[in-house]
Amino acid sequence: MTTAETTNTADSPHVGLFVTCLVDLYRPSVGFAAVKLLQQAGCRVTVPQAQTCCGQPAFNSGDDRHARQLAVQVLNAFEEFDYIVGPSASCLGTIRCHYPEMFADDTGLLPRFEALSSKSYELVSFLVDVLGVEAVEAGFDHCVTYHDSCSALRELGIKSQPRKLLASVSGLQLNESQGTDICCGFGGTFCVKYPEISGRMAADKVASVEASGADTLLSGDLGCLLNLAGKMRREGKPTRVYHIAEVLANMADCKSIGEGDD
Amino acid sequence: MQPHSRHFKANAEAALREPNLQAALKQLELGFVAGRQRCYEALPEFESLRDRAKDILDHTLDNLDAYLLEYEARVIESGGKLHWASTPLEAREIVIRICRDAEAKTVIRGKSMVGEEIGINDALEAAGFEVTETDLGEYILQLAKEPPSHIVAPAIHKTKDEISDLFLEHHRDLGFTRRQTERSALVNEARQVLRGKFLAADVGITGANFLIAETGSNVIVTNEGNGDLTSTLPRVQIVTAAIDKVVPTLEDASLLLRLLARSATGQDITAYTTFTTGPRRKQDADGPVEYHVVLIDNHRSEMLGSELRPMLRCIRCGACMNHCPVYGRIGGHAYGWIYPGPMGSVLTPIMLGLDEAGHLPNACTLNGRCETVCPVKIPLPRLLRSLRSRQHLQRQNSSLARVALSLWTWVALRPRLYQMLTWPAMSLLSRLGLKRGGFRRMPFASGWTRVRDLPTPQGSTFQVLWQQQQRGRK
Amino acid sequence: MSAAREQVLARIRSALGRGELGKAQLAELRERIARHPRQIEPAFSEPPQQRFRQKLEAAEASFVALDTLAEVAAEVERYLDASAAPKRLVTSGDELLRALEWPESIELRVWPAKGDDKVSLTAAHCGIAETGSLLLVSGEQNPTSLNFLPDYHIVVLRADQLLLRMEDAWDSLRASFTQMPRTVNFISGPSKTADVEQTVEYGAHGPRYLHVILVG
């Protein structure tokens, strides 16, 4: 396995960055923002090359055998680190909450998955809850609203952490939307299996984002963001869409999700 | 009712285009959801009540045979009769036999989901009895010949206008010739019509919210009082109840009652909570002379022996559907049978089979809001996921999805190949969509692009860029 | 016993991966039933009577507290006058009510209720402060139909019978009766429904009005 590594100091916490397949394929800038935030917070960051997908699509489709194979790949790539951290509550929720469930009957692997689970964190909650980060050095002169992903809210208990760090971004104003605890309609394969229902859920979410008066939508999960950005584009809404890591790392100077040249 | 769960997709799409239904569903968040939230905030013990409820019900399920036998002994002691039924068919036959033996002509019903489950109304009508639903919502649906669309508020999808029309059509012959348009007038008209039915009925059939092993009692909670009139006025009372309704003691029921109405309708307690034990006593001033309980299994013992056992804790409050974003968009009828929403998506595939109800476990984003509000902590997303595993093992899911997943996993298990394949693919996609920022159409992704654009990816993959950056540093 | 009974029990035991429970285990379950341990009982800080009244009034019941039983008849008349309700009562034969003396202006009949009775008067076995509930039990002198058929339901409760919680009511019933009465009604407000467009309307099938008279 080749690993690419950046150094902080030798005794700083060693984080294996779980990039997530969506960030890897769709929005590398979120990965770089995650690296920057972790390094700024004093971590040594390694990006294992032997990582792809956490197995959630297979797991949620009932394909347990393939899900377990991918879980073992993640275990092998990440168990050497002090922490496994990634910019998605959905993927990290799978690793933290569901890997031990998948291997509940495997006495050989279960302890290793439990150990991995206990050191796995979603990026923003890791910064706040584990590293004690109180503020970031970033500016964003926009009125934003924040979408809580369901995995963040209900699997990992993340609600205050992103808001705390957003409050430290200079120029940023946070307007809460109605119904922040309601799903945006992404749901992995759900959104392509039941597009009409998913589309209505997304439309309702888009409407509540618009009603908040914000010009920018942020969230910590790229799945939700692609769904909502796609819906906003389809409805011709001007709202810009970024992953929260991009704003916190002061890297939201790239095109927003789904933004064209015009 | 004839199930139509296999048409879930078409049902749901039709429901999304139904403006009255959509208006009614919007009310859910303002009504039931907000009401439950108020109750939750007003009761600091809510979470510990949920934990204890789970413990009590798990203990009961672990000893279900013994508690059912205790309950049976107390029913018999109090002068009641207990009948066991493995299947809906057996249950229907028992009920019809009781009605025939009693030489009954008219039957009134108090709302009961297990009654819907076994299809008791159709069976009784086919056997020649006149059957009247007495819960206002169920009565409206009986007139409209529709199944319930919610387990607590069965006629939630009906508008006042539709009810006005129904009442005029069906009550005209009874002398109610004016089309009522005020809610209070509609309620009052139903009260008058149904009062006559109550007073004339030979048999009253209710469900049970709980059965008490300690006393042989059945518990009914209502706000209307129809369950009480049904249990009190006719000369024969029949309770249809599933085997998972039994709890050990009155104290255990008290704890569950603290959760039930709060979770269901946002009330601390319903207007009426009634414990009924056996037929009227020799000296009693009123009450039925016969009291029968029909205990129904219908696949519950099978669930008890599987990973779906937690579902048997369900107390039918409806909180899961009130909080379900999918139910909230399509309502109950789309699910195609009597149990909608998250709880129905677990129960229906078990009771009707995955062939009929294969859509239901999949029509869920696994967002988990249902589990957080379930008063008895049923891990609904986990149960739905396990049904998906059954489908996968039994090859009941789409072959396209299976192939796509296998292919994805095969590539994802080979990181180098994965990187070699994904980089050119994302680069191409990015170049094609760079200018517009997204795609309105995409081959193989029509499910996505039917309702939303596919945003354009940034171009390269993170792994490739990262390796370039690292090489540059060295 | 029926075949279905044996089949259901056999399936349950097989699902639980065991046979019939042993004597010791059964004794343990029966002991739990006999002990009927109280579960979690939420705390409340208000005085019971205040809580009782607040909960009842929040459920659209009306409430009045009197010092003595002798005042009940006058209160009933006042309530019926104020409600423009007919002064014809159907009452239970409860001892508490039989002791009352009625003015000639009120017409009385002792149970059972008929479908067109407008006003009933009954006595509660006890009250529950936690939920603002009245507990009425069926019996020789207490037909259940009185609690549900009339439009106006007036209930008299002795203040020393106001208990804190449902669990206290169970203890009270266990002390008063050797067997559960056929019907035990917890009544926590007038009849209502929200089945028409999720909007509450009172007087669905049971009483439209509930008037509670606490005495002592």
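Here the chain labels run A, B and C in written order, and each chain numbers its own residues starting at 1.
Methods note: contacts are C-beta pairs under 8 Å (C-beta built on N, C-alpha and C of every residue); 3 or more make two chains touch, one makes a residue touch a chain.
Here the structure is a predicted model, which means the values were calculated and not measured.
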| item | value |
| --- | --- |
| Chain-level touch network, classified as line, ring, star, complete or other | line |
| Chain whose Cα mean lies nearest the overall Cα mean | B |
| Rounded Å distance between chain A and chain C, as computed from the means of their C-alpha atoms | 54 |
| Distance from the mean Cα position of chain C to that of chain B, given in whole angstrom | 29 |
| Whole-Å separation of chain centres (CA-atom averages), chain A against chain B | 33 |
| Shared-contact residues (touching 2 or more other chains) in chain B | none |
| Touch list for chain C against partner chain B, complex | 2, 4-5, 7-9, 11-17, 20-21, 25-26, 29-30, 32-33, 36-40, 42-43, 55, 59, 93, 111-112, 115, 131, 133, 138-145, 147-149, 165-167, 170, 179-199, 201, 203-207 |
| Residue ranges of chain B touching chain A (in the complex, touch as defined) | 9, 12-13, 16, 29, 325-326, 329-330, 362-369, 371-372, 382, 385-393, 397, 401-402, 405-406, 408-409, 411-413, 415-416, 418-419, 422, 426, 434-438, 440, 445, 447-448, 450-458, 460-463, 465-467, 470, 473 |
| Residues of chain A touching chain B in the complex | 4-6, 19, 21, 23-29, 31-32, 47, 49-53, 55, 57-64, 66, 69-70, 73, 101, 150-151, 154-155, 179, 181-183, 185-202, 204, 226-227, 229-231, 233-234, 254-255, 257-262 |
| List of chain B residues in touch with chain C within their complex | 24, 27-28, 31-32, 43-45, 48-49, 52, 56, 62-70, 78, 83-86, 90, 134-137, 140, 153-156, 158-160, 163, 183-184, 186-188, 190-191, 194-196, 198-199, 213-217, 223-226, 228-229, 231-233, 243, 248-252, 254-255, 257-258, 265, 268-281, 283-287, 295, 297, 301-302, 304-306 |
